[in-house]
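Here chain A shows up in two complexes: once beside chain B, once beside chain C.
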Partner chain A sequence: MPAFEFPGGIYPPERKARSNQSQLQVAPLPALVTLPLKQHAGNAATPCVAVGDSVKVGSLIAQRDGMISASLHASVSGTVTQISNTAITIEADGLDSWHTMPSLDWRIAAPATLLERLDSSGLTGLGGAGFPTYIKAQVAEHHAIDTLVVNAAECEPYITADDLTLRSYPADVLEGAQLIARLCGAQTIIIGIEDNKPEAISALEHALPQAQHPAAIVLKVIETRYPSGSERQLIKKVLNRDVPSGGLPADVGTLCHNPGTLLAALHAVRDGEPLVERIVTLTGEAVSTPGNYWIRLGTSVASLLNGVGLMSGQLHQVIVGGPMMGNPLATLDTPVTKTTNCLIAATLAELPPAPVESPCIRCGACESVCPAQLLPQQLHWYARAENDSTLETLNLFDCIECGACSFVCPSFIPLVEDYRLAKQRIRMKQIETAKSDHAKHRFEFRQARLAREDAEKQARRQARLAQTQKPSTSTADDHSTPEVDLRSLRIAQAAAKAAVKKAEKVLARAAEKDPKQRFDDLETQLATAQENLKAAEARLANARDNAIHKDTP
Partner chain B sequence: MSMMHAAQVGAAPSTAHLMRWVIVATLPGIAAMTFYFGLGVISNVLLAGLFALGAEALIVTLRQRPVRPALWDSSALLTGVLLGASLPPASPWWLIAVGVLAAVVVAKQLYGGLGHNPFNPAMVGYALLLVSFPTYMTLWSPPQPLTADTLFNQTLWAKIIGSLPPATLDALSGATPLDAFKHKGEAVLASEFWASQPLPEGTLSAWRNVALAWLIGGLVLIAKRIISWHIPVAMLGSMMLLAALFYASDPSHFASPLFHLLTGATLFGAFFIATDPVSAATSQRGKLIYGAGIGALVMIIRTFGGYPDAVAFAVLLMNLCVPLLDIYTVPRPSGHANTATHPAPKEPL
Partner chain C sequence: MGDTFSWWGIVSAIGVLTGLGIIFGALLGMASERFKSEENPLVEQINALLPQTQCGQCGYPGCRPYAEAINQGDALNKCPPGGDATIHALADLLGREPAPLDGEAAIDDTVAFIREAECIGCTKCIQACPVDAIIGAAKQMHTVIEDECTGCDLCVAPCPVDCIDMLPRSKPLTQWQPLVSASGIIASDRPHARSAHARL
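Moving on to the complex of A and B:
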């Protein structure tokens, strides 16, 4: 099968040789771990231990909160010494005693059991965004998935964690892929890997023949070009499918996982081990023995870098993730989390600060490298001008923030930073609008309810009055034009009924589109319409009664 | 947020680097022109470059902006060099100064400086001079050997005194091939015109060789990825297509495509003027339309308009269309269906 092209892309210096020359190693056990409650996309987990509790490796220490969240487990055995709003600290006892769950056979276990296991293992994507894996695996419930894409492209410079994962555990990663493929119903597994990882490729080629069941696995070696490891770009490249704007890979029948996540999934199911450790690349010119290490979550960056020979004098900055999309650390007193794939201890000469920005000369270099085919230069212009409506028309939200545009900009404009700020500004605005809309709708609901109560009260009074004054027939002075009144009330009732129907439809469509979402605002609007309908019906009934009484003296 | 900055990893050149490369690429063209038309050419370029730096420093100071980065980015120098290279060899110093002031001060800095000028600065300067001082702007002497010291003297005279010795005007005012062909008269057939040897010997080959020298510089720029191929290819393509159509319809009255390609400012304009990124369209489709528009306008003005060459006016006219081109040539972003028409921003720039 041929590889398809995604537009744009760049060829930054790879600098991977610094960390992929040595075997995967195990970092020494930390004496203390700090486990942040939010290491994943969604809500922070809720602590379920107390200070002083003794825990084992794998003991649940914080429960997921809500649907989009992930549980957290102790990564060392020892004593809980501190629980703050954001993290749990555990002092290790050095025994490293484990608490594991029973082993499951993914080939025969019920899907619900497997999902439950992924959930209770606190598994999240280990690539970057940290999306809870059990939710991603459930996508098959409302999308037909035919292909699982294993994202082994690892296109960012410096990072070699997936490379070493594949070299060290090719068979396990493939088995993990089969496990996830079974859960989501994919019949095909495609591994997308850049051609700069020959050893990982040969390891996979050796392991492939034994792993072809139940799903067929295809290995696709692609050209090394940043950002081929971005989900959309990789799916385009290996499957020639375009993930729709604002959509998910599931919309085109695919699911994307990185090798580390698949390995962790297998460990959770086969070995009953929750997610308590991961493989991290420790690299950069400021460390003397760079390489890839199994590292317990919560280990501090400072102790890790010291362990690989940090030369503090030469250290300029530490970057979490890759140099293209990663972030510089404000302090080394930061723990490794589920999404930490790489730590770069860079010298000043290695990754110096950006030169002073100069004006954009509209050269178009950014446009030619943009993998999303946006117009970075125009986005820059409108972002600085805070022209948000035009930014949205130019599809700012399709930007994947890969940094290719900033990389080639001859004027050294921090384009991605501009886009991030603009996105944030627009999101804040949307939240504000939604809030005020919701307030307005709640107010309308209250008005409608009062009107309905009023109408019903009126109807009751009228009924009482009619009953007591049944004999007397000349009470209809105030209803001088009953026919017109009746007719307009009937129209109002029909309109209110239509409004209820419409509100129901809008809500149903929204819920179908995004079943996991709550639609408070739409519910309120529906309730308002219902109140209006009731009020209209009460008024109509009332008027009818009157008319009948009048007609039958 | 990319921490790998282009300048450090050597992946992409800086703006100043781009500008300097364009200046370097003008050298073959300037050398060829100097060879055929005398030292007036190189002195035009040097004076214009000098004036441009001076004008930039002055106006940037008046605008209370840092002077050093503005000069360092070499954009003013490039504007000066390009304008200088477009002027006739016998241009007096004040002509150059007026052109440079119009280019650097009015066309560029008064619009907000580098990156903000809607019009190509060098061509604004050139167009202003062409309409204001037509006598001086058509003083293209016939090619003469470099050693001809009369020309040298007259050129220096113009540069220093600022006027031309009256007796020499005749000697200086030769016609360019485009000029000559334009004014051949309706009754004269092209074949008769060429048979009458309308130009001094060597004129055509001199212009051809100058054009080829500009082509070399332009190809260097494309090879070094300083400019993209889109604008030159589109411009030359549309010119050649139109020229071929005209020529095929009536070879006795219209010049051949090759004549249009190798005379006048065609190749210089295609690689050095139309490719100014600031005043050109940005999307690749936009660049193709922009270049094709320039080519078509050059042919139309050359053939039916009042000026023998038309690169400056064609470029300026297409500069006017750039905002519109930018709006209507937004590429389809990945993940947007083919069928969904891509909405252009509702409000203009």
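Moving on to the complex of A and C:
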């Protein structure tokens, strides 16, 4: 089968040789770990330990909060010394005693048990976005998945963590892939790997024949071109399927996982070890012994880099992630998290700061390298002008922030930063709009409730009045109630009834579409309509009573 | 002449056109009756641009009444929580000139907080709250639901024991925004520390 092409792409200097020459090593145990409560997409976890508690490696210290969230476990044994709003700090006792869960055999265990295990071990994607793995495994409930794509492309310069993972644990990664394939019902597993990792490829080729059961595994070596490691681009390349705009790989029957995630999934299931450590590439010209290390989560970047011979005098900046998509660290007193795959300690000569930006000359270089087929130049103008509606029609949210456009820009315009800011701005606006809509619906509900209470009070008053006046003559009626137009009240009541029906229909339709979601706002709207109906009915009944009283004498 | 001019032709043409007029008029009449919307669509659009704090600082009891008043020709600049952004959005929508804000701009996003130890349970704040964000009962302690509170401060004045504070709203981690220095117009004025995309 030929390799298909995604549009655009660039060939940056790879600089992988610096970190992939040495064997995978284990970093020394840290004396202190700081574990942020939010290391993943979604909600932050909620602490479930107290200061002073002693914990073992793998003890649950924070419980996931809501659907898209992940639990957090102690990565060293020791004492909890601090719990803040954002992180839990544990002082290590140096014993490294573990608290593991019972081992499971993924071949025979029930899928629900396996999912529960992935959930309770706090597993998230180790590639970058940090999406909770158990949710990703659940997509089989709504989508038919036929292929699991193992994303071993690792296209960013410098990073070699997946390369070393595959070289060191090829059989385990394949077993992890089989485990996830079984959970999501995929019959085929495709490993997409760039041709600049010959050792990992030969390790996989050795391990492949023993790992073909139950799902068939195909190894696909692809050309080295950035950003082939992006989910959409890799799926296009190995399967020739286009993930729709705003959609997920599951929409085209695929699921994409990083080798590190598969290895961690196997460790969680087979060995009962929660996610407490990961493989991180420590590299850059400013460290003397670069390489890949097993590192406990929460270890501080400063102590790690010092451990591999950081030359502070030459250090210019430390970048988390790759040079294309990563972020520079403001302080080295930062912990390693579940999504940290690489730390680059760069010298000034190695990664010089970008030259001063010049105006756009409309050369179109950015457009030809964009792997998402967007118009970076147009996005640039509209992002600077804060023209958000045009940005959305130009599909800003399909931008994968790969940085290819910034890389080729001859005017050194930081295009991706513009896009990131614009995306953040639009997201904030959406949150604001949702909030004000919510307040509006609450306000309308309150108005309707007050109107209903008022109408009911009026009705009760009328009833009391009618009772006290019945024995006597009913001449008082003329001044107690003004003539009410029965017809308009009846119309109002019919309109209110129609509004209730409409609100019910909208709510039912939304609930049918996504049964797991909560629809507080729609429920408030329905309640408002119901209050309006009650008020209209009370007023109508009131008016009818009056009319009858008038007629009878 | 007799071939080209006939009364019958004129009468039938007038008849057909009149008939068409009556049919389409009836259709339009039915459609306007059937698909009548009770709300003025422009008022809805104006209301959508207002911040929905329901604070009444504009002098109207809520955002919707103010939207109706704007539609009747009232000034655009009476909404302090919306600030300049709202004034400009309204001016764009209605094709009017934006005017400077009439009143003091809200400095920060705030939320009401009841010092529960001092609350006497009078329910006055509950009655004042436009969005039902305060829970409690007579002679029971009251408290504010932070997520529902719009920060309108209508509950502060009615409180007989002054136990309600307006505090800055805590921002969730997910809504963190990077601090962006206003980029200078002249490129060489800008700081050089733009290292996220350092060149390889």
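What we mean here is this: the second predicted complex is superposed on the first by the 448 of 553 C-alpha atoms of A that agree within 3 Å, B and C clash if a C-alpha of one lies under 4 Å from a C-alpha of the other, contacts with A are read in each partner's own complex, and residues count from 1 in each chain.
Criterion: a contact is a pair of C-beta atoms (placed from the backbone, for glycine too) under 8 Å apart; a residue touches a chain by one contact, two chains touch by 3 or more.
Since we're looking at a predicted model, the values are computed, not measured.
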item: Partner chain in contact with A:R442 - chain B first, chain C second, else both or neither; value: second
item: First (chain B), second (chain C), both or neither touched by A:Q430; value: neither
item: Touching partner for A:S22 - first (chain B), second (chain C), both, neither; value: neither
item: Which of chain B and chain C A:S358 touches, first, second, both or neither; value: both
item: Partner chain in contact with A:Y11 - chain B first, chain C second, else both or neither; value: first
item: More chain A residues in contact - chain B or chain C; value: B
item: Partner chain(s) touched by A:K236 [first = chain B, second = chain C, both, neither]; value: first
item: Partner chain(s) touched by A:P328 [first = chain B, second = chain C, both, neither]; value: both
item: Which superposed partner A:L421 touches (first chain B, second chain C, both, neither); value: second
item: Which of chain B and chain C A:A44 touches, first, second, both or neither; value: second
item: Chain B and chain C contact sites that coincide on chain A, given as residue numbers; value: 12-13, 157, 319, 323-324, 326-328, 346, 351-356, 358-359, 403, 406-407, 412, 414, 416-417
item: Touching residues on chain A, where the partner in the complex is chain C; value: 12-13, 15, 38, 43-44, 86, 157, 317, 319, 323-324, 326-328, 346, 351-359, 403, 406-407, 412, 414, 416-417, 421, 424, 428, 431, 435-440, 442-443, 445-447, 449, 495
item: Contact footprint of chain A on chain C as seen in their complex; value: 38, 47, 50-54, 62-64, 130-133, 148, 150, 173-175, 177-178, 180, 187-188, 190, 192-200
item: Interface residues, chain A side, partner chain B - complex; value: 6-7, 10-13, 157, 232, 236, 242-247, 319, 323-328, 346, 351-356, 358-365, 367-368, 371-375, 377-378, 389-390, 393-395, 398, 401, 403-404, 406-412, 414, 416-417, 420
item: Touching residues (chain side chain B, partner chain A) in the complex; value: 1-9, 11-18, 69, 73, 75, 113-116, 228, 277-278, 280, 282-284, 287, 326, 330-337, 343-347
